[in-house]
Structures are given as structure tokens and as C-alpha cells.
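In this document, chain identifiers A, B, C and D correspond to the written order of the chains, with residue numbering beginning at 1 in each.
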Amino acid sequence: MDEKILLKDNIGKLYSELEKEYKFYAPTKVKGNIAFSRISNVEEIELEFLNSKVPPKDVLFPQKETIFEYKYEGKDVIIEERKDLEDKLLIFGVRPCDAYSFKLLEDFFAFGDFQDEVFLKKRESSTIIGIGCNNPRQSCFCTSVGGHPFQKESTDVFLSDLGDKYLVEAVSEKGKNLVKKLSWLSDAKKADIDKSKELAKQAEDSFTTKFNFDLVTKVLDENFEHPVWQEISESCIGCSSCTFLCPTCTCFDVIDENDEYNNRGRRIRIWDTCQSCLYTLETSGHNPRPEKIQRCRNRIMHKFSYYPSNYDCVGCVGCGRCISACPVNNELRLIIDKILEIEEKEKGEKISA
Amino acid sequence: MVIIVGLETENKDIENNMQEIAKGLLKEKKVDVIIGYKKGTLPLLSQPIIIDKEEDVDKLLWNNLCYVNLAKYLVPRVPRFVDSEKGNLKVGVVAKGCVGRGLIHLASENKINLDEITIIGIPCNGVVNRQRVEMEIGEKEILEVSVLGNNVIVKGKDFEKEFPFDEYMNELCKGCKIRKPSLVSKFPDLCVGECEEYSNIVDEFDDIAEFESKTPEEKWEYITEALSVCTRCYACREACPMCYCNLCFVDQNKPVWFGKTTDLPDIIVYHLIRAMHMAGRCVACGACSLVCPMGIDLNFINRKLEKIVKERFDFTSGLDPDTLPPMVDFKMEDAEEFMLEED
Amino acid sequence: MPNPYIPMLTKVKSMVSENEVNDIKTFELEFIKEEEYKNFNYIPGQYAEISIIGKGECPIGIASSPTEEGTIKFTIKKMGTVTSSFHNSDVGDTIGVRGPLGNGWPMEELKGKNIVVIGGGFAFSTLRSLILYVLDEKHRKDYGRVTVIYGNRNSGEVLYRDVLEEWEKRDDIDVVLTIDREEDDWTRKVGFVAAIVKEVAPSSDNAVAVVCGPPIMITTAQNELEKLNWKAEQILNSLEMRMKCGIGKCGRCNIGEKYVCIDGPVFSLAELKQMPKEH
Amino acid sequence: MTEPIVETKQSESKEWEPKIIAFLCNWCSYAGADLAGVSRIQYPPNIRIVRVPCSGRINAYFIIKSLTDGWDGVVISGCHPGDCHYISGNLVARRRFAILKELLEFFGIEPGRVNFMWASAAEGERFAVLIRKATEIVKKLGPNKKFEKKW
């Protein structure tokens, strides 16, 4: 049988075996929040978690990342490319929604004539061990965006939490090789597989939030200039928590950071957010999106209208982070309801007429 | 310490009074719109709401989760507060003590015109420290929050936990001396509902005395530890009613003053300068801490600011629109013990 | 594929001040590596992300024409941090270049057509590239008549005087120069660009208008052209936007689902009418 | 282009000397420093002077940027209270300095890194004494490492 069993007690063994080959990232508790960070000790791994606060995208697309380093020698410049892009990474414990976000990010960074090597190389050299989501939160809606709490596709190895042990399934070639290497894993019994299926079913049934995003996209395409945007943006304070915690947000700013003492520096990219008024401000003073209403609209349009037309899928993985992070509770579910209301009203009028 | 008797009934009373007043104001056309709070869609949140119809008054609510400082929506005014013909509308603001302070302080900085607003004062009984509760529940989902007696009860799928409210209040609320908006004698029509006249506010600042007695190294360690998780999303800035600059110092690029990265020195500098700008202006609403997605507690910095301003300049922000804020004022006899002198 | 964020290194070969107040300079850059220059195949209207390493990067339209061999040129106005440090640099300084980027003017589609070039202010740089390209011996026969309407605030702001004078001498190109207000010694036209467009009234038959300039000039000139029966498909614009990466990744230059940096900067008026008004 | 703002740090073998940036107001302290110079009063060579129109011109940004840029200490000097060329510039500044000084201390940055003083145009001697004192304080604190970035 292909499926294996990993006892939770054996995580240490797994770690010590893989840690030599991979940079091992796993969920840890940092100041009370779950975050994916590189661990140096198996004790740091936090196995009981709903989902991390900051999505694991920051392992492959960190908030601050060096693009290249440079050195000045008189008037000459020497550019040093990064050499650590092909180091092997292993990200342990990624939820299916976040794993799916890696696929979206990959599509985005490979889109067009230019490939973002900084991201793609790291993505290529990373292995993702996903974990099924036994307890989706109320704010989760991955099933509405084509996901599933036990979706395996974007992971390399997929684990299902069966209490004191994990059911291990190798998904990709990379994952199969990895599982082959861990020869000490015991074979799974049929009961284990059945239990996993049952958990998946339970998780799926527990979703309370369901959207029809095809309809949302259609309504958005037709209603760029609708008064509803005023209503939606009204209570937004533009704090950008939603974009900073979003697993699919990719916008960044590029900055040169100098070490004046040693005539050297690095060009870095840092996360930026479309919710900031400075994001689009041109040097001339002209700003294409000066108002909050335009910035709010851009975020929603980008995820649910522009993304589908460029990549044929919604730019959202349904993790619900923006819903729980919004301090004024101007959350996505309400926004989408408001958008769908437009359609309902129109239909209603048509019927009555 | 304020003694709270039956939080639940108290909240209900506040809510009923508030709705009554709001209804009256809208009926008599004393205000065009009212901004207040309504029930949030998540258990630990409330949602700001703007109403302009009498029948919507029932949506207004007061509970211990109403932590957004509504003064934020007046600088700049959200578009609904400005009519294309009438100009600025008359806005009623549901105001706990710190919202009232925010409005009055903004008036002292000439940012808002008190003639155009009505403060619907409510006697605030504190807000829940959402981050602390969330962190203590840990990795479980909170499904329901209710108030019973003096406890906040948090329920989830397979757990139920009680938090004594006076301990799990937001840090700034614990020692809050200004629970109702201040009465401004010059504007008799400004305040409706419960407001209070404050004379001298006595505050011992015991809570930060201990921190201050630490050595620089200990303080540095504490500060860097507390701020290191900051993601520089600037939610604290955006939620703050006093942060209304068109171009914040961190965004200025001619010249670039400070780094924009999440390296520790850059984070520290951001919070240090922001604190500098808040001196004598912070109205102790705690919104910055409560909106922080990473749960950083900025309140102890705000307390320190309050202390400096109180001790040095005997000033409490947001009580009187006619007193000049301390940072634009000076006295010949200001203390200068920190100046370098010959031995 | 190489990392698209790594700039190719060039040296400043020369810099020429273009206007009276000395805030617009043309920089001539020479590639350090010959093969990088050989691979730098561009068409007029494209831009490059150029940087003073250590100060930052900004997108600038390429002012030279591919027919001018050996170097590439950029005309830069002193505006922000990066452009100011360009103005402070010297001959021999190292400049990073990433490009060519963007779609550029559709040189293939323009073949066989009359071209009306309408430019204002210092946005003329990619238009210079276009005109030089068309007037080059190798390409001249492919294109019809060229009409240039170029407006400036005053006579001190007119860029590229040397090439303009050459063009004025030729008989296969009409050059109409205008300034906003009357000045002594100015013998050419006076008035806003839109008014001059109306006066010149270029024919829309088998023609394409290429418009580049400040937003208000673009709008007014387009309105005039439409009054002269030009179709929206015949009017081409080059847009400006804040861009950081130039390769469609940093996100900020989107207008609807289009990114100005890779789908633009050249859009026809017909395309722009389909897009949200966020530019 | 990336000229070092501060000269490269001295080699480890020599005794460490702090680098101090001094913002002096044009009307009093700058003249005071000048007087110290022409009167041949010795003061430590560790300070680099930036002349500003008034101590009221000094923004907290200047001070904190100096620290982040690697200066070991900052000295700010203006006219004595009541003597300001612009009547009250130094009085407004004094409030600002008070807050900054307390906040720096609160954040755990050694308060001795930033020193404020008054020195009039006639007080060359006082200027030298205070600069000597400030230099000693900063020297005792050692190099400013808290704002160093990792490379």
C-alpha cells in the first residue's frame, strides 16, 4: 500500500533525518502567534494549530528579501547574485489552502515573458508537506474557490491528522522520493485510510460560508462604477492588515539599502500594499488611485475579476485571514454579499417589470 | 479601580439610552447622520455603522467590543459625511470617553469644527483586550462571546472559558479616568447624553513605574522583544484618530528618513518617532493595540507619553478645545533638568 | 533564463543639458559588456528601468532610436530621488539598465501609413526615437508622410534642437513647433497643442496619430482629433505609471487586468476607452 | 557615490574614539564654538558640527537619523532660554527635547547618547567644557550598536 503512518512521537525522527538535507520550516509559536519559521530543534514545532497568522508564503516570498547585492569600487559596481536560491527547503505542516496559494503564486510569478527567478527557483527547490484541515474555521471558505480542506494537489506529501498519528500520502514525484527515503514509516491500514476519508467528509460538511465566485466575477466585471463601492469602502480605515496577511498578495516595493561604511549595499524587495495611497503615487504628484474607494475596489477587483481574466481562477484561496484580521469588521463575506445584492436587485426588478 | 456591577445590565442601559438619544436627534433633525457601532460578524468584533434613518437606530449597539475610535472617520470625513450641496453634514458620534477626547483634541488642532458634530456621550465601562483573550484561547476557534455578570465568557466548539472582565480589559481602560466625554462649556449643545466635567485628573502612573526602574539593557530587550513581530502594516497608524498627516514620516522619500524594512532597527525607529508625534496628542483609546494584526501591545508606550505630558506640562489631551496642546506651546519655566550643565 | 531583476551595467558616456533651466538632461550610456548591447534589441516607444545603484531605480523611455548605434540615450527630468541623483552623476559613472521593457510603438502596424506625431513637453523622448527610426534610410520607404506637432511651455524648454533643425530642413517631414505664450525671436507657432492640431488639421486617411505628453494635453489633443474624424483605433498613447519592477510583478501599474509595464505603455485610445479610468 | 557619511571606523588597535554629531544654532552656539576656537580653548575633536538656523529647527528625525546612521552620540546646542534670535524657538525645542530624551530612555537607548545644552556666543569656555563632558559620557557608553543592521 502507498499510504504510510507517521506516529506523532516520531516527528523528531523525521526532523533529524530531513534537517541535514533541507532547510526545515515548520509552524512555531512566536509571541503567541503561529508562524512558519526555520527551526533548529524539533521541540519548536507546534502541531496543534488552526492556521498560521502570517501565511507560509513568507518562506518563499519573505517580507524583506534581497534581490542582489552590490559593491562599489571607485566608479565601478560589482553585482553579486544570490547563491542561496537553490538551497533545498522543506515546509512542514502547510494547510491545503496555503499550499494552493503556492500554485497561484507560481502562476503569477511565471506569468508573461518575464519569470521571477527569485521566487521560482526557491519554489522549485522546496518540498511541501501539507496537513489536512480537520477543523475549518467559520471564516474559511476554501470549498468556494475550488479548494477542499483535504486537497492534496499542491502539496508533495500530504498528512491527515488521525489523533496520535498521521496518515502519510506521497502526492508528487518529489514527495514519493521523500517518502521512499523514510523507510521506517509503517504501512497504513485500511481503517486509517477510511478514518482519513471520514475526517475529510466531516470537515467538508462543516463549512458554513459558500460563495458562487463565477457569479461574483460576472457581477464585478459589469459594475466597476457602482455606488456599492462607496458603501463598501466607507468603514475601511485603510490599515492594510488584509493584504499583509493574505497568502496570495504579491505586491512589493524595491529599495536600495546601503552600508555606507563599507561602500556596499543590497537591492531588496519588501511587501507593499495596494491599500496605501502612496502605492500608486507618481513622482509628478499624479495619483491614479488617490481615494480609499478606488483602493478598496482594486483589491476586490484584483482577486475576483482581474485574476480570473488573466489566470482563469479566482485569486483567493479561502483561508479567511482577511476576514478575521479586519479591525473594523469590513470583511470579505459582507463585501461579497453586497456585490451579489446588486445582481439580485437587478433580477428582482426585471422579474417585477 | 472602578467597580463594575453587572456588566450585562450596564451595557443594556447604555445601549438603550444611546438609542433613545439617537432617535431623538434624528427625529428633531439635529443631526443628519449618526456614526456608532453595530454587531460584528465575528465574535470578538464590532463594526462601525453610519445611520441616517430613525428606523435604523435599533442597529446601534454598545458592548465591550466597541474599540474603534470613531473620531477617525471625521479626519478626513468619509464621503457620506459631506453633502454635495449642503457641504459638511452635522454628524452625531456615539462617543465613549476616548472618542470624545479624540474629537475635542482634534478641534484643538483645528482639524474639525465642533459646530458640525454632536457628541452622544456614553459612560464607557471598558473594552475587552481582544488580543489577550485570543492568545490565551490559543489555537482554538472562538465561536461566541458573551458577558455574564462581570465575566466575559468565550465559547468554542469544545471549550468554554470565563475571563474576569476587570483583568481582561484593555490595559488603558484599566486606569481610565475619563470614561465619559468631557463637557465643553463653550459649546453647550455639543454634548448630549452622559458627559462629565473634569477638573483635575489625578493619576499615579504606578503601572509604568516598574518598567522605568529597569536598566537600559533590560528596557531595550523588552522593547525589541515586544516590537520584533511588527510587520509594518501601519494598522496602528491608520486606526489612530490623531494620525491624519497626508504624508507620514515613514513614507517620505525626499529625503528618505528611515528604512521601510522589517529589520529591527527600522521597526524601533518607526515606533519611537510615532510615539514622539503622539506626545500630548494621544487620547488613550488603545485602538492602535487593538487593531494590531500581530497583537503588539503599544499601550505601555502610550501610558508613558501620558505620564510625561502630565508630569511635565500638566496636560491631559481632549478635555478642552481651547487649551493649546503642549507641543505647540511653551513656558519660560519649563523644567530643563535634562540639559547638560557644567559641574 | 537570467534573473530579470539584475541590471546590465553601463557607463555614462556623455550628458547634455537639454533646456534653459537645466533640469532636463540627456544621458548617453555605453554598455560595459558588448554582448549585452547586442542583445538589447529595442523598438521606439519601449522603456528601460535604469538605476543608479544604491539610490534606486525608475522607468524611463528610451530616447535613442535603434538606428543610432553604439549607445542608448535617456532624457531625464530632475524630479525625485533617483532622477536627482542622475543629474548629480558624472561621465564615467556606472548606471544599471534593465530592458528593453514594454510593448513600444507598433512599428509593424504603422508601415505604409502616414504618421502624425503630437508631443508636449519632455514626453517627446520616445517620439524622438520613433521619428528618427522612421526617417532612417533603411525604413523611410516603409512609412508615409510624417507630421510632427511639438508644443512646449516656452522656447527654453524645446528639446533636441539639433535633430529638430535637421528635420525642418528635410522635405519628407512637416515639423510644427509651438509654445504656449508669445516670445520675442520666436518665429514659429504660438498656442496650445490642441489649438495647433485644429489649425494643422491632419488628415485621418491612412494615418495614425501618436500622442505623448502631459495628461491634459493628451485629452485635449485627442478631442481635437476626434472632431477631425479620427477614429479611436487610430490614436495611440503612451501612458505613465508608477512602476517598480517593469516586468508585471510588483503590481502597482495595473489598469484593470492590464499591467502598463508589460501590456503597455502604448495603448490605443480605443483600448483605453475599454479600461477603467485609473490612469 | 555612496560616500561614507562617517569615515571608516578606526582600526581596533587604537583606543576607540566616539564620533559625535553636533547641531549648533547659528546665532549662539555656533558663534560660541567659533569663540572657543579663536580663544584657543581646547575641546575634543570628536564632534562634527552641523549649523542650523535655530535649535527650534531641529527635528527629532535629525537626532534619530544620526543614531541610525551610526553616529555614537548627538549634541544639540542652542541659545539660552530667553535669548533666542527668533524669540521662542529654543523654548518650543526644549519641550520637544524633553519628550525625546524621556522616550529614548524609555526605549532603552542610553540617554547619554543624546545631549542637549545651551551655550551663548560669549561662552566659548562653557561650550568647550560641555563638549568635553558630552564626549566623556558618550565614550563611556561605547560604540552605538543598537541601530546597526545585519549584513
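Keep this in mind: contacts are C-beta pairs under 8 Å (C-beta built on N, C-alpha and C of every residue); 3 or more make two chains touch, one makes a residue touch a chain.
Since the model is a prediction, treat every value here as computed from it, not as a measurement.
Enquirer: Please identify the chain with the largest separation between its CA centroid and the CA centroid of chain A.
Expert: D
Enquirer: For the chain pairs A-C and B-C, which is connected through the larger number of C-beta pairs in contact?
Expert: A-C
Enquirer: Averaging only over C-alpha atoms, locate the centres of chain B and chain C and give their separation in whole Å.
Expert: The computed centroid separation for chain B versus chain C comes out at 51 Å.
Enquirer: How many angstrom lie between the CA centroids of chain A and chain C, rounded to a whole number?
Expert: Spacing between the chain centres: roughly 39 Å.
Enquirer: Can you compute the centre-to-centre distance for chain B and chain D, using the mean CA position of each chain? Integer Å is fine.
Expert: Those two chain centres are 36 Å apart.
Enquirer: Centroid from C-alpha atoms only, then distance chain C to chain D, rounded to Å. What do you get?
Expert: 49
Enquirer: Got the chain C residues that touch at least 2 other chains?
Expert: Those would be 54-55, 80, 93.
Enquirer: Could you say which residues in chain D touch two or more other chains, in rising order?
Expert: Residues 1-2, 149 of chain D touch two or more partner chains.
Enquirer: Mark out which residues of chain A touch at least two other chains, giving numbers and ranges.
Expert: 72, 253, 255, 257-258, 265
Enquirer: Quick one: in the complex, what on chain C touches chain B?
Expert: Residues 80-81 of chain C touch chain B in their complex.
Enquirer: Please output the residues of chain A touching chain B within their complex, sorted ascending.
Expert: Chain A residues touching chain B: 30-34, 46, 48-50, 53-54, 63-64, 135, 137-139, 230, 234-235, 237-241, 243-245, 253, 255, 257, 268, 270-271, 273, 276, 278, 293, 323-331, 333-334.
Enquirer: Spell out the part of chain B that touches chain C in their complex, as residue ranges.
Expert: Listed in rising order, the residues of chain B that touch chain C are 253-256.
Enquirer: Using the touch rule from the top, collect the residues of chain B that touch chain A in their complex.
Expert: For chain B paired with chain A, touching residues are 40-42, 45-50, 68, 72-73, 78-80, 135, 139-141, 143, 157, 225, 228-229, 231-235, 238-239, 247, 251, 259-263, 290-291, 293-295.
Enquirer: Would you mind writing out the residues of chain A in touch with chain D in their complex?
Expert: 72, 257-265
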